[in-house]
Amino acid sequence: MKPALKFIFAALVVGGFATVPSWGSAVLVQFGINALILATLAQSWNIIGGYTGYPSFGNSVFYGLGGYGVAIALVQYQLPSAVGLILGVVLAVLFAFLLGLPVLRLRGHYFAIATLGLTEVMTAIVSNLDIAGRNVGLILPLAKGDTLFLELSLALLVVTTLAVAWISRSRFGFGLIAIRENEVAAAVMGVNTTLYKILAFALCAVFSALAGGIHAYWITYLDPGSAFDVSLNVRMIIMAVFGGPGTIFGPALGAFALAAISEILASKITSLASIFFGVVIVVAIIFMPRGVADLAQNFRRFGWRYFQENIKAHRV
Amino acid sequence: MQLLWQILVNGVLLGGLYALMALGLVLVWGVLNIVNLAHGALIMLGAYVCYYFFTGLGWDPFAALPVAMSLLFCLGYLIQRWVLNLVIRAPMFNSLLVTFGLEVVITYLAQLLFSADFRTVNPSYAGANFSFFGATVPWVRVLAFGVALALTFALWLFLDHTRIGRAIRATAQNLVAARLYGVNPRQLYALTFGIGAALAGAAGALYGVVSQINPYIGAGLTGKSFAIAIIGGLEKSLYVLVGGLFLGVVEALTALYIGPTYTDVVSFGILVLVLIVRPTGLLGRTA
Amino acid sequence: MDNILEVRNLTKRFHGLLAIDRVTFALERNQILGLIGPNGAGKTTLVSLVSGTLQPTEGSVLFEGKPIHRLAGFRRALLGIARTFQVMRPFPGLTVLDNVAVGALFGAAGSTRQLAAAREDANRWLHFVGLDHRVRQRADALGGPDRKRLELAKALAMRPKLLLLDEVMAGLNPVEIEEVITVIKKVRDQGISIVVIEHVMKAIQSLSDRLLVLHHGEKIAEGKPQEVLRNDQVIAAYLGSKRR
Amino acid sequence: MKTRLLCALVTLLLSSKLSAAPIELGASVQLTGQFANTGRYYGDAYQFAVDKINAAGGVKVGNSREKLSLKILDSQSDVNLSVRQYVQLVSQDKINFLLGPFASDFALADSAISEKYNVPMIQGGGASDQIFSRGYKFIFGTLPPATDYFQSTIDLMSQLKPAPTTVALLYADDAFDVSVAEGTRKAVGKTPVKTVLDQRYSSKASDFNSMLSLIKNQNVDAILVAGHETEILNFIRQAKSLNVNPKMYSFTVGVPSADFRAALGSDANYAFGMTSWVPSPALKDEYFVNAEQFANEYKKRFGYEPDYHAASAVADVEAFVKAIESANSLDPVKVRDAIAKLDFDSLYGRIRFNTAGQINLPQTVVQIQKGKLVAIYGPKGLLEKPLYPMPDWGKR
């Protein structure tokens, strides 16, 4: 697809989502909110994982801090939710700067495990914090009106996607890509790798925290287990990889597709849903390791051989 | 003082089992560069094998341990041969995601097959203990500790003193090195993963003897194994033992002096710190 | 005398192993310095110390009279130092054009550049090194000789004042070598000072204004090419190692 | 890609038009995932009750008798999915009567949905006081308040000879167990018994060696543990292996359930516990005759013994039937008002909700004696002689 066509299509999708409350059922609205938030998360993971090449498992920390920002502001201090969103973003960005500095020096699996460890540490710390309701969690005031949440999460996804689009064609983004492709060479060519990596980390902190804040306010209940859920982080990665990491629309598409698949599985075959989801992940990664975006580009050229070629390229 | 001594003994005994839990993970990670998120699920399967041989056939759990190891070896071999070998040259998080998918599938299949009932392997001698300089020492834990030690040692012997073992170690430096030893890499990888799975199976069999088992214990055990692997470092199988003992003792002391809700803060905090300060592990060479 | 680069008593140890031992030299502006020596002599390490890929254990590096040996690599790139890698390090997933565009966006040239302008610039440099027919290809699709050219174009796009070339001619055939020599000379004519590491003796002789010989991390000779190559110590060092 | 997305959306849209049953009840229950072990009681008991009520003719509304139908979704032990599934049940499947999930934290989150959509939810799986302290109008609970769980045990302790003088309180850090601990702390404070250890532990804990060593070191008489079944299994086994011998220990969960006793074998003996329900023939029921018969039929049908979770779940279904019949309407708000006024006897006990929406049932102290569950102490005093103090592990 031509870029212009892509944007027109994207605009149509956005328009479709924006009007869902007027024609769709409450379930569709709910599915929409959920999918939009997941898409935002996949999209912000795309910044650090897809563009910069750092497979972060710490994005659920940002998401959780965003949620706790809102929850603490609303429950403990009776502040407006907007203040809570800002608080969550501030917490997440602080975290990104303070811990990004040491952790982003690690590469590959080590970085992945370090961020995974950070997520576990945060879960355990928050489980002991009085202000966060310890492991019992916080119950937020009831917020009626899903329409508002749909529009909010839609706006957030649009902004996140615009940010990614900007990244893909800016000097900053080229710096990130250079880091992903070869960090030593990038530094020699004048990319301030430390600064760039931290900025990328902080940028995904902003969007993930906002998503977490909106989600917490919407679901009205927050506990450390669901706020800092590692499997949510894995889902962000799967969605981004499924859609095509390092592309503008891939992660969002991947998120919608997988959210729809798992929602349908969960309501149609219930108890077997998880097994199917696991199989979908394994099969998708094996047969289309570069995601749907790559499949769409190359399937016409290769046909069914595309899948064969992928396996041939990566097997022993 | 008496209490501290008892806590230290508890920690060391727990640490031995921890080490065995992480051993297979370290092998697979170090050699194949696969971070196996399904490792805990394999431990869980090993525990169930032991459970069914114990309750169904009346086998002693320590006699069922080799069975658990063999079955898990076969499963691990097949997983690597027909699934992971297909993605081994893809970007690193692809193999990570595949193992995550496998974890989900194994866990939920286990619930279908074994039900969500909580199980224990409870042989008659499970509670037997003896006094050791004033500390109460449970026999099963000592036995489990001994088996963990023996298997760690056996793995070390195997890797250092057999041709296949050396081929596996060479593969850790360079994925195609297997060919130099005249071994088909496909089979060598599958063999390596199989051994990793067999060690997980052994850990599972022992885990069932000291703790309850259910289909969902896997994820937590994977996390724990990571912490041990990182603390010990990926270089030598014997270092894993140190990582396990270290974590076991630290957790026991944390539970006593800081509070049992803080063990995860401390153990994963150490994991992150070690990674930042000494990514090669506490005992590994500095980069 | 106008020295663009001065290296004083530079020393680098790896785990107690002495890789560079108190090396001192200077490079005049607009000159080409040939860096030779047997394998493992420390040539690439020396280049890495100047470019900032490695940090020295002792000694100093002055660029245009200012000490730079404590600066991070990217800062030295911004000052105007560019290097190529012996083991080539392209950005494999990017197109050849964008590989070079990264150099134009960053490096000494960058900081105010827009992507479109950088790509235009990149096109010119690719033409300069003779790679214009491959601009749209992914970098990992290039063969060895073309990768060497790409390395060179990436470095040039950074608009450096000092260019460090680490074996850009290794593996090329005589015709290709001639082409590259012409390119390097053209670069020097644009006012860029150059350090060249090379094993192809003929090439280095015809290129260099001065030669510097490293052996076991030490400087064993420095001077005009003909003089240096007649030096007994240099001959011994080369004969001692198996290379010609 | 696009087509797949479209297909998904279309399916979602279409499926909202498909359901049309007379009286539909809906629940999202943990059939898989880490809470599946207890979650299944709810799935099975809801179905059992619905079948039984239908077999008896169904629900009388106006002049006709309507059958019940039941839609159960699996929340995979994921709170967020559970919340979304309740929204789906209410808005897509147009279900006006919700049955609850297991566990307090799920009930906490899910009750927001019933409140949001003004649809009544009766749940038998969450006892934490927080569920009922928010002034919500549409949530009702059939487990007695968490704060009271250990009250009867503490009453029993004063009658034991020699009465325990020191107690250790251990509790997991989730909503339910924290509530239990709060109530227990207060109740113990009113007695001369001294609390020597008051320790919160992580819900992920599997190793109790440090705490047990501490308890052994302090020679505690009685241990009260509020936690989950997995933790309690480990606790008892580790107590045995470390030779920790208090005079008694009691646990909030596990003791009444059959698979707990099966897992521990003879090591389960002497453990105290509590239940708001014992399968006694004295508890009469309109559909199941009495609690004992219910227990027998349940075991026959599902292959495992029911405990108070299952009985509580049956009571939830019956409460809806009674409320619908007395409201003589299927309007959710009218039914909600009828639920608030309910007062009937079921196999689970007397169902009458207080203003907050919770019922109160006395906890009967139970003990495992020779592998059998024995009721020891109820509201009317001692029922059976407790085995106290427990013999040392070495002398069993």
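Miscellaneous remarks
Residue numbering begins at 1 within each chain, and the chains themselves are lettered A, B, C and D in the order written.
Rule of thumb we're sticking to: a residue touches a chain if its C-beta (ideal position, glycine included) is under 8 Å from a C-beta of that chain, and two chains touch if they have at least 3 such contacts.
Keep in mind that this is a model prediction, so the values were computed, not measured.
Among the remaining chains, those touching chain A as well as chain B are D.
Among the remaining chains, the Cα-based centre furthest from that of chain D is the centre of C. A count of contacting C-beta pairs for A-D and for A-C identifies A-D as the more extensively joined pair.
Among the chains present, the centre nearest to the common Cα mean is that of A. Averaging C-alpha coordinates per chain places the centre of chain C 74 Å away from that of chain D. Note on chain placement: the centre of chain B and the centre of chain C lie 48 Å apart, centres being C-alpha means. Chain geometry summary: the mean Cα position of chain A and that of chain D are 36 Å apart. Per-chain Cα centroids separate chain A from chain C by 42 Å.
The residues of chain B that reach two or more other chains are 108, 259, 261, 263-264, listed in rising order. Residue positions of chain A touching 2 or more other chains: 124, 127, 135, 274.
Counting only residues that touch two or more partner chains, chain C has none.
Contact between chains, as defined at the top, is found for A-B, A-C, A-D, B-D.
Those residues of chain A that touch chain B in the shared complex are 49, 55, 102-103, 105-106, 108-110, 112-114, 116-118, 120-121, 123-125, 127-128, 135, 234, 237-238, 241, 272, 274-275, 277-282, 285-286, 289, 311, 313-316. Contact residues of chain A toward chain D in the complex are 24-28, 30-31, 34, 124, 127, 134-137, 139, 142, 144, 219-221, 223, 225-226, 253, 256-257, 260-261, 263-264, 266-267, 270-271, 273-274, 292, 295-296. Per the touch definition, chain B reaches chain D in the complex via residues 2-3, 6-7, 10-11, 14, 108, 111, 116-120, 122, 126-127, 129, 136, 138, 140-141, 210-212, 214, 216-217, 220, 251-253, 255-256, 259-261, 263-264. Put simply, chain D touches chain A in their complex at residues 1, 4-5, 8-9, 11-13, 15-16, 31-33, 72-74, 76, 78-81, 83-85, 87-88, 90-92, 105, 108-109, 112, 115-116, 130, 134, 173-175, 178, 202-203. Contacts from chain C toward chain A in the complex involve residues 51-53, 72-74, 77-78, 82-83, 85, 89-94, 98, 101-103, 105-108, 110, 113-115, 118, 154, 158.
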